[in-house]
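The structures considered in this document are given below.
Each of the next two complexes has chain A plus one other chain: chain B in the first, chain C in the second.
Let's turn to the complex of A and B:
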């Protein structure tokens, strides 16, 4: 039980379940499977971007260009599709573009030693600018139906993209827990100098983190484009901040070395679900953003109090223990 | 020596005067959008440039790449410093541009607004897509026309647009709600939701809306993201065609939804014509023409227009000459029959 309360993921999940129950009691339509599935469906873009961001935050970095990277990948996807490329090739091009965009961040941060916030703030501008240059500034419209179809596929009433994202999440969770190379992200973020002295490839670990952030942003772009069917110039605008918030909410520490993929995903799910729930609760739309902000603060604050209370308890127990031992 | 100097001085003055008149014939007009990169504004820009070519004057379409008031101020100042004769702008803020516009007018630059207005003291004419009354009524009419018995059985409708701080969309919805209360008391407005120009949210929000109110009859979406987003949500949930989705957006975005029957009718105005009209009027004013409220004239490619007083948009201020509102002659309802006639 104590272990459960101690992990942020559990606390956020608990709060999410609580919100679901309250919303469902208020508006029984919410309990219909379709509503829950649609919330999963709507959160996929943010879940994927947040997962990529998690690698960077684990290494004690920050990437504020992930939204722009997703936008750029969506533009590559849309443009190649409208040029008549088959869906598979276009998706590959988009993923490649996102990965390259991530690799550019990685190069700047690890080899040119530009501070991450500056580097990615710069590329945020560059990638958003590139979107306009590629498209001449117009929305990408009239995408072929073939890109929208995967969004309509499903199994057991759950859309294909939800399954795919869950599979990717499970894979990421397994790898970060069990694969030695992936543990480097934690080691580097926890203590960069220590990791270096142990002989870990610190720079290449950071390089991989930023590159993965780009790849995941491109995955998000594919889902985004399939679900929405057009690419506007402000596609995924502001998602970098939402992704960071999702990570913090899900227990990924901004000081590096702490956090899990499941936590980041739950944080993203929570941040997205709030907007849908407020509609089921009949809260006027004007309140939407304010409510989302309040809930974020409440969760982080409650989590902080619970943790410090537990920490205090632990210390007191230790002091008592020590005193007993000495007597 | 002194005489010689004054002679040279006079000669220089005469030269300058000549240069001045020669320069004045080269009319330069700037056409500023809220932001570049949005199909709607790009199309307005195309119309503006086309009218410039037709009139044989120079028209420059440019503006900030993100919706920022300070960005628009920079563009205004730049165009003024470059000696432009007139500026037509779609303002991001009703008051935030006042100082920049005042400075521009002091330097003799003619200011017009199009699409989105400023305080009428700081511009000559507002080239308007329609009054809030006209557009609000159009929103309700498009929904009602798709119902079998709009005044019969009880109906549930909802509104979905970008945000409560967008002046024009808000005004239309206020009028639409008033029209519903007066003419369709059997319509219940179950919710008004916002998606803040975020395409992902523009799909998520109406999805929840449809599920929270399974018996919804119509969603009215006067926003370029909200309308396709709502149509997409209806398609994802498999209720396309069973629920009325209407509002304002551009034909190119909506074409696939109209072709598939998800959206049967939606409206907008022809922004290409709006751009043309703005440049035509700006050029008239640069040529020294004086326009009064009530004046009527024909504009090539656009049609017959009339100068209306500022009061049609609810303003108190009214200048005597060269001040007022010029409305586009018509608004367009797009259906499967006419959508292919438009490309913007």
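Let's turn to the complex of A and C:
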């Protein structure tokens, strides 16, 4: 099972490298360190949202409200800042708001037993609506300099938020690989009944997954609010679908129990990089969506073919093995 | 006792809810007691019904198609571009519908030939169709098609294609008596799909695939062909919605229908279809779509903002599902109790 997961991550990484090289050949400017850093910087929002979504998908759920959650958290951040709250408190409020939004999804899915796609589709509407009700539909502008400051910090020419996201990614990767409690996500997603019979807290594991998705969406809100310096009403619009696409690209299976944080992050980086590469290749930005969609389809199709070929091979090997054993 | 079964059905509950809703809205605002007004206001949500009705077939077969919202824009811009090229507008309409059928067939092909989750496939095509719709005007420019305006076809990408002939606009402006054509078309579409679903072998296959795909395969159901057709209907319905919106807004745009996903899926699920497959009816979707549509109209008429309506619709979806789940759990509990007591009685 493990090498299969690797193969998806390897496939996408290979594709990513290939695209980078091709783009670089057409436009050598692309190889400049600055543009690579720029891609990383632009991908942070999606990486963070996709990481949160990963927990939900690992438990075999789905959350289509994460974009709206990020938008709502950004509104809380912007509103509290403009009320004169210190940055630390405002960020805390935003993270809390995101976490609560995630917890509401979690409550609906685990205790009311509403199917995940319906629960989160409902809250998608609720959170988007709330965002506009809170702000009266207007953008939140004139944010204090204090929130824009972190975006200017850097170390070794790499922005602070890139380091912070990398650190969070490393932590998530370590925890999901090594910490027993975090393995519950995999167990529940792989075989819910089995996990239940083993005595794992299935409902609470699912609860934690949706809540974490909300928390990570709030992290993303803090990053993009600092980066762009205002909160628009379509902030993170459509990111829920991109986050799912990033996970699928990165080898996190919608059937649950399979995938890694690094995979999800690579998927998100890939989707963002496609956008930058098209610009460097001189293709207008309007083709972004078409390319993202085609790449997603190609990757899942190739992955399916590889999997069925391997499965066939395994079966034939077993038949041969059995025949040999009998003789 | 057959009527008792009808009275207890989900569809009857929806029908009662629809009447109750119209009654309440009418008491608050007498405009809703005017049948002509009421029918006219359906124009604002017929596109939801066009897309939701055939999506019911897909969901019954345990599939999902979220790419419909992009097919709407793709069909609309196709219609506009073909018309700009000098083709008769009704021929352009046919081409747009054909695009919807092809888009559906594309989805169906991938869903039926792989074990990849339909949500992933239609997510991919959602992006792909939206991208195609946005890029098509510019692409045609590149390919050297002559445009009327100086800015080339690419300009249409932002402005939409306007100036469509009156005969085409009349498709949504016109009415038979007091029933607007689009609503009439929705009823006809619902009738056809309903007969297909409940009176043909194809329909029974859809339910069987939704309940147990393995059993369907072993009992010789042509599962691939049936699935492809379900998605073709879904693509066709979305294209119809796109065409209807084009006529209604008198403009062909690539981004039509972008925010319709929530109401479309809400209509199907509220209509009684199980998102995991195996149950659902066309009548249920039709009634639920109308309940949601009129609710929106009513709230708008009361001065409620669009944002709050979004919150209300979202909450309604969750509450309806939660209630249904709780009733289901209670029903199972009662069934078990009954089984236990009857065993003890022996």
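Operating definition for what follows: the second predicted complex is superposed on the first by the 319 of 327 C-alpha atoms of A that agree within 3 Å, B and C clash if a C-alpha of one lies under 4 Å from a C-alpha of the other, contacts with A are read in each partner's own complex, and residues count from 1 in each chain.
The criterion applied here is as follows: contacts are C-beta pairs under 8 Å (C-beta built on N, C-alpha and C of every residue); 3 or more make two chains touch, one makes a residue touch a chain.
Since this is a predicted model, take the numbers as computed values, not measurements.
*Asks:* Mind working out whether A:83 is in touch with chain B, chain C, both or neither, as first, second, both or neither?
*Replies:* A:83 contacts neither chain B nor chain C.
*Asks:* Examine A:284 and indicate which partner it touches, taking first as chain B and second as chain C; both and neither are also allowed.
*Replies:* Touch status of A:284: both partners.
*Asks:* Go through the superposed model and pick first if A:30 touches only chain B, second if only chain C, both, or neither.
*Replies:* first
*Asks:* Touch test for A:137: chain B only (first), chain C only (second), both, or neither?
*Replies:* both
*Asks:* With both complexes superposed on chain A, which partner does A:118 reach: first (chain B), second (chain C), both or neither?
*Replies:* After superposition on chain A, A:118 lies in contact with chain C alone.
*Asks:* Shared contact residues on chain A, chain B side and chain C side combined as an intersection?
*Replies:* The answer is residues 128-129, 132, 137, 284, 286, 288-289 of chain A.
*Asks:* Could you list, by residue number, the parts of chain A that touch chain B in their complex?
*Replies:* Against chain B, chain A makes touches at 27, 29-30, 32, 34-35, 38-39, 41-42, 45-46, 128-129, 132, 135-139, 141-142, 145, 151-152, 224, 227-230, 232-238, 272, 275-277, 279-280, 282, 284-286, 288-289.
*Asks:* Going by the contact rule set out above, which residues of chain C touch chain A in the complex?
*Replies:* 64, 110, 114-117, 119-121, 123-132, 134-135, 138, 157, 261-262, 265-266, 269, 275-276, 305, 307-311, 313-315, 317-318, 321-322, 325-326, 329
*Asks:* Under the touch definition given earlier, write down the residues of chain B that touch chain A in their complex.
*Replies:* Contact set of chain B toward chain A: 36-39, 42, 65, 164, 191-194, 196-205, 207-209, 211-214, 225, 228-229, 232, 236-237, 252-253, 255-256.
*Asks:* Under the definition above, what is the set of chain A residues touching chain C in their complex?
*Replies:* Spelled out, the residues of chain A in touch with chain C are 62, 108, 112-115, 117-119, 121-126, 128-133, 137, 241, 244-245, 248, 254-255, 284, 286-294, 296-297, 300-301, 304.
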